Amino acid sequence: MQGIELDNITQTFRGAAMRSTGSEFKAVDNVSFSLDADPPQIVSLVGQSGSGKSTIARIILGLQKPTSGSVTYNGKDIYKLSSKEYDIYRREVQPVFQDPYGIFNPFYRVDRVFWTAINKFKLASSKQKGLALIEEALQAVDLRPEDVLKRYPHQLSGGQRQRVMLARVHLLQPKFIIADEPVSMLDAAVRVLFLNILLDFKQKYGMTTLFITHDLSTAYYVGGEIMVISRGQIVERGSVDTVLVQPSHPYTQMLLASVPVPDPDARWHEKTESPLKQEEEKAVIPQIPDLEVPGSI
Amino acid sequence: MAKNALKTVEKKTAVGSPLLDIEDLKVYYNTISGVAQAVDGVNLQIKRGEILGIAGESGCGKSTLTTALLRLTKPPAYVAAGRILFYPLNQQPINLLEVDGPDLRAFRWRNLAYLPQGSMSALNPVLRVKDQFSDVMLEHSEMSKRDALAMVPDLLKQVGLEAYVANMYPHELSGGMKQRVTLAMAIALEPDLLVADEPTTALDVHVQRVIIQMLAGLRDKMGMTVIIVTHDMAVHAELADRVAVMYAGGVVEVGDVRQIFKAPKHPYTRGLIGSIPRIGGERIRLGGIGGNTPSPRNWPTGCRFHPRCPQAMPICSQETPAFLPVANEAGSKVELQPLVACHLYSHPEAEGTSR
Amino acid sequence: MRRFIQAIRGFWSASHKVQIGIVILAFFILVALFHPLINSAIGHGSDPLAVSASEAWELPNAQHLLGTDRYGRDILAMTVTATVASLEVGTIAGLLSTIIGVVVAFVAGYKGGKLDSFLSGFTDIILVVPSFPLLITLSAYTTKVSLFFIALMLAIFSWPFAARTIRSQVLSLRNRPYVELAKVTKLNDFEIIFMELLPNLLPFIGVGFASAALGSIFALVGLEVIGLGPSGTLDLGLMLNWAQSWGALTLGCWPLFVAPVVVLTLLFLAVNLINIGLEEVYNPRLRKMAGA
Amino acid sequence: GGGQSQNQKAQSIVPTPREQTLVVDQTDFTVFDSFNPFIPNGWQTNAGFDQVSQEYLFYYNLVTGETKPWLGKEWKYNANYTSLTLTLNPKAHWNDGQPLTSKDVKFSIDMLKSNAALAGGADFQRFVKDVTTPDAQTVVINLNEPDPRFHYFFICGIVSARLRIMPEHIWSKKDPMSFQNNPPVMSGPYKLDRTIPAQFMYVWKKDPNYWNKDELDPKPEYVVYRSSPKSQDAEVGQFKQAQFDITTNIDYKQASAIKNTGYANISIITKFVDPCPRAFAINCDPSKGLLADPRMHWAISYLVDRKQDGEKIWPVPTPVAQFPWANYQGNDKWSNQELASKYQLTYDPKKAAALLDEMGATLGSNGKRSYQGKPLHYEVSTSSKVGDPEYIFAQNLADELNKVGIDATVRYYEGATWQDRFNQGNFDITGYYICGNVFDPGQLYTYFETAKTKPIGQDATAGGNLTRAQYKDLDELARKLDGSDPSDPKNKGLYDQALEAFYKNLPYIPICQTVYPSIVNTSYWSGWPLDDNLNQVPLNWWGQFLFVIGNLKPAAKS
Amino acid sequence: MITSKPDRLGLSGRQVLSAYRSWRTAHPLIAYAIRRFIAYLFTLWAAFTVTFFFFRLIPGNPIAGYIQSLQAKQVYNAQASVDMVKYYNRIFGLDGNLFQQYTHYMYQVFIQHDLGPSLLSFPTPSQVLIMRALPWTIGLLGLATIIAWVLGIIFGALLGWKRDKKVADWVTNITIGLSHIPYYFVALILVFFLAYQMNLFPSTAAYDPGIDPAISWDFIESVVEHGLLPAFSIVVIGMCGWMLSTRMLLVTILGEDYLTFAEAKGLKPRQILMRYALRNCYLPQITGLGITLGTIFNGNVLVEQLFVYPGIGNLFVTAVQQLDYNTIQGIVALAIFGVLTANLIIDLLLPALDPRVKYA
């Protein structure tokens, strides 16, 4: 099969605090899904904080080896790829991370992310050609090269930085983008610009995106498929239009009911009674053990 | 209790009278690379009993403004100019920027309560919840410690928490519970004004909903005035009576929540509203606002929005637009007229074209 | 390269404290570089450190600005020579301990897992072993007394500090998004450590080096003050030891005691000023209070 | 006394009445509960034990050359020197009242003989065949081989004597390897009162039943030995307060300064020199090439600036050394001025250069000498710390060697390491001290017997020929002297020949006498053996200090 | 790790494991304490082992040192020394190969609780010498450390609280300057001026020799008088360190949200300082104090040497000079034991002191 396939992925952690009690904690629990390159699509993965979204992203990117289960790329386990196949995998599966601040090494200028990509993946044979590629990529994400090149990351705004990451993706032209909360730190106004570019990428370059978010409205905005994850398990999946319009799982319903609607005429308290009772809240908040116990040893 | 009840009644009757008058407030930061004019000439009026939402993109000065309201401005920030007039019940207005020491302390919490941004960490980690309650209650009243402690379960119940929470330490509480504990603490003395800075940002959607509904309920019950700061427009839509939109250190538009969402005046507000995706309905491509946030160390001349404004005119880069009332199609009443700082409205001829 | 020049310039302009510290250090480095010249100037061409070059125990005078010692050697010349030796020991020890510390820290912090447990466990054990007593023992029984060996000896006990602080930094940097980005851009471990992590740790490493160097100088001086110094090289500690055991102060020959104390104090001050200055600049909390 | 008036407030540093106490200042004490001198660091010679508690059969006064009978009355050899008869003083008794008899002497020797792990045991194993006690005062020691010098074992010469007599009635019941001998039952005029570890102090109290009160009735009621403070400055301060009576830990310069500032109650004893003149020892092993050549020794000797070393470097102006022994009156009988002027030890780099040229150590164009094509390089080692006078001696020699074109370096080795290298012959030239001659030079010359040498890399301590000297003339004479009685005037000629042979080969190069001045505070006690009346060894850690104490009188209060 | 290979464990093994795990979950604190204690024992053992081999690898050995001293006293004979060396090697546990020596030493220390005979004062056991010196060191350093800590917290809090004042800035800078100066520097200078020159204080020993050690007022007074000067140097420098760390902690805490919140609540400054700011910086400081107290078993070699104070540091130097391995090793072992035990105690006490620390 063509594409990325997750098969019964489980990831357990033993936190520092938990080491004493020995209890383990399943961040990802038996998750299976696949991302197809053809036709290009955007698959959203939504869920509350701590539900295991980032862990899944890291597993797909090969940054974290799952406790059990396998990730296959074009039918092959990504941990068993030959070095050539692995190169291809690296080239074709690229991330966009959440934090536009941490993604740049503060020691270097911003363009270094382009140049390392160009050098490592041998995208250009000369400096000029490389520069041309970079400029093209920057234009594709609506950035002026002179605003970005030769600058240090702290000299750029969050939105600019996130767009530089998109430009990098454009430069690499991967088949798959793993975007882990790429817009959660952006303003509403900038967020839309970003999402639009992502949509363009699908359209123009046929990139398939795993779009991870906790914001149901952005998931709705990008369209396509959606998976709802709760406490490491995928509880509901389907097309955005069905899942978000007629949710079937209570968790999805609860999530949806809690989303504030940007319309003063459709307020909650003008709707019926509060959907949330004390017990419910307790049941729903995953009791995530503190990983960093202050003052712990 | 009785006294508080009386106060509530008084407050409810005073609804609509002015509570806070912010005049040309300027709060600057001293930084290595120059002075950051984070809040630069804000004018705002808050009336008793209303919920005012303050919106605006990150870094536009929302938190700086609220901390200044509470006189919590700390170096390297300083108040460069302006007045904050506070109107106590049945008393002469007082410029908050001029009181100090014990006088200021008397104002705090009795009159002005605060839910800080990231109020998850607003609780002292080594004191039990009830002790943090009693601290503030003993400070501002003559009651005994026992009486103060006796009130705690009641207050907790008001924010939907069980009494046993009083005996817990902050780290034993979830984020939402902590947020509600601070809220309970804030309403303990039934203050005139509650300033909540991003009270829900770090919380999951359903907890966010609980908090927001609670704020609305409290206002209804106690006649409290609430200022809620958040960049999440949907929250404003849910909660606020009026919304002030900030951009680059200044308020660019203030108006009734419906007017802001239905008929935004300022191009920035329009952009903002136009960028909010909604669930359901037809999927249309939203516009967003291009360009970059300007630096507070170096604001653009004239209207600060002009470099990003789709309707920018030559005058925009030269003259700072005044903050003026604009007639609203919906409302004819003067107090419902939105205030906007935009050359589109200050020049009659331009006004025509924009409509 | 430009980044480095910029960094150095930033370093310089960071604060007055840093500037004063750098000036003092630079002075000593210059003295170290030119000490043969300085000494021959002091001795008016001949060796001022030769035994009986002058009368013993002269008080400061025009000929001998700081007087002479028990064997008629010029104390100013002694101070210059001793400073050079001390700086040399400090530099070598600082370098060694920084290198060991950095290697251990990176291997442990970046690789993690069993290797990390082992290395950091080992580091912790070395940390609880009281170093000064061991130094005393080592220096009493050691037979190789070259400057390098002494430095190595001092480094053996100071690297764990560097290793521990740097390791915790590596741990915090290891999972930075830019490291993960580097990984998916096919950078290998070596490149990640040297290109991505190391540059960001340079201030730490620099400060660590300075503290290790200073610590080593002082440890050696400490050993020598109580007469257990391992070296036969004239350094500041040896001067102090002589001042003590010869009773220089009661003989009125205060410079033998005061000169090394002043030099050590200045060295110490310089490094600390730089440390503090940098911390004020780089630690936002401190900056807040400094109102800068 | 002037001391007291200097500072009224100063508290006494001793726990006993100051005016009845002799306070002796010493270096570090570490042992406070063990007085067994045969086990590791079980006692400290300098804590009073050896001086006021333990006594020897005979005491040799190096200053005058006299031997004083004490516990012993006399010694006598048989004709072929295979048996030594000692007679004891019948008055002698231990401080617990038990008589001190020949049984105790026999017991002590037998104990050592049968226990090689006891310090000194090996010596008796080697020399003594058996011991008999015909009566309570007579000890007959039969030797394994003729030895006209065996009685030296019973004379306190330098610091102490080789044999320490222990009371049989106490020791016979104990395991000598672990017995602490606390409090020590000895025969001396003082008994241990207590030790105060926290003060680093030993307090000895006069024994009213001392056996020899007729001859020695010391005036101080108490003798306190204490550790000196580590700092000169502190020491000087205490001295000026008359907190203690005698020390060698104050620098001569400091003492002179005290004197010059008008402190009246100070006396500085500089006339008594150390028994061991400083010297350089040369590795004379034939494999060392030029170093084995006596001419080389002379060349080196010409490079030693003894005047500078003695007068400038040594803290106290000190006479240079010409003979391989200390310049005591008692040693005069061994000296020979004629030989001394013939083989005068002088500083003369030109002569040194000439000798080097003569030997074929030619000066190359680079200013360096080489021998048979190989550049010469020597290390001058020393066990003295950098900055100590002996280190400077070594440094000066290295400088001079460099000046005549021989590449030389100075190197400090820590004591045990230095000793080890020396024992094994791993050295070129080393700073040393000529300590062989206590009673007669014969003792010294035995160290140059060829038979006692060992190849480099093997420990040569047993025989003592550490310089690996193998010179026929010296060897022959040394062996001859071994079997001859030093007290026999007939042998004087032999001694002169041996001295000449020593000069010819010069395996040790004498530098200078060494003086460790004793600084005396006369505020409380007078009668010290001062420079103008030096009649006894003034050093407070020698057994002979007993007699110094015996002579003290309370100072007349002014 | 365990769950990933369940098949490797037999059924009974798995049962035991899960029983253990459920017990662990039920008694997290006890489980933690046990685990911590095991870790403590392990580190203790490891540190002892490291130092043991460290000392054995250093050239030179105590017997050689003894023989050398005999040689210097001329009571030595190379042939006979073989017996002597053999005998003492056995007594000092130096016979056999390194591993046998090691097991012998460990057996002696951990099972027989004996550090072996001292060479300094043979055959007195080393622990007797150490125990003789220990009270002085603990008295001097312990008291000095506690005084420095208390003063440091008080002044540090003041510095942090008044951090906007120019004076505080200056004091801070001076404190920074002082805090890193080695003790012995101050000690050297103090002793010179106050003891030698001005004669205000005694410069040596731990008490007046005229007084017998007993629980008497005179004795205590004398001990205090003698301890003042050495203690002073430790207090001054130590205090500066505590001041700085307290100030640093306080400044950090003052930036915390809960302090801003406390201020917004209109609490009195004093209350904010005591209840909100200082409360939160006690803990690290108590931890620090505990660890510092653990290190006093090292003795303070330099200060004790300078003041001829009969403590551990002095003993240590003497032991080194005399190559008394058992005593050296004993002191080092004691120091390690002190530090580790202090750490252990703090770790076990911490949950009681800090509500945030939980092991469940």
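Note that the chains take the letters A, B, C, D and E in the order they are written out, and that residue 1 is the start of every chain.
We adopt the following convention: contacts are C-beta pairs under 8 Å (C-beta built on N, C-alpha and C of every residue); 3 or more make two chains touch, one makes a residue touch a chain.
Just so it is clear, the model here is predicted, and its values are computed rather than measured.
Chains that count as touching both chain B and chain C, per the definition above, are A, E.
Counting hops only between chains that touch, chain A reaches chain C in a minimum of 1. Of the two interfaces, C-E and A-B, the higher number of touching C-beta pairs belongs to A-B. Ranked by separation of Cα centres from chain C, the top chain is B. The greatest centre-to-centre gap from chain E, using C-alpha centroids, is found for B. Rounded to whole angstrom units, the spacing between the C-alpha centres of chain A and chain B is 32. Rounded to a whole number, the gap between the C-alpha centres of chain C and chain D is 44 angstrom.
In whole angstrom, the spacing between the mean C-alpha positions of chain A and chain E is 51.
Residue positions of chain A touching 2 or more other chains: 294. Among all residues of chain E, those that touch two or more other chains are 59-60, 164, 192, 196, 283, 305-306, 321, 323, 354, 356, 358.
Among all residues of chain B, those that touch two or more other chains are 74-75, 125, 171.
Per the touch definition, chain C reaches chain D in the complex via residues 50-52, 56-57, 70-72, 140-143, 145, 226-227, 231-234, 238, 241-242, 244-247, 249-251.
Across the complex, chain E is touched by residues 7, 9-15, 28, 30-34, 39-42, 45, 116-117, 119-123, 125-126, 159, 162, 177-178, 180, 196-201, 227, 229-231, 233-234, 236-237, 415-417, 419-420, 435, 459-462 of chain D. Of all residues in chain E, only 59-60, 62, 64-66, 68-81, 83-84, 87-88, 119-124, 132, 136, 191-192, 195-196, 199, 202-213, 305-306, 308, 310, 318, 321-323 touch chain D in the complex they form. Across the complex, chain B is touched by residues 48-49, 142, 157-160, 187-193, 195-196, 199, 214, 216-218, 220-221, 223, 244-245, 254-265, 267-269, 274-276, 278, 281, 284-285, 290, 294 of chain A. Of all residues in chain E, those touching chain B in their complex are 164, 256-258, 260-268, 271, 275-276, 279-280, 283, 354-356, 358.
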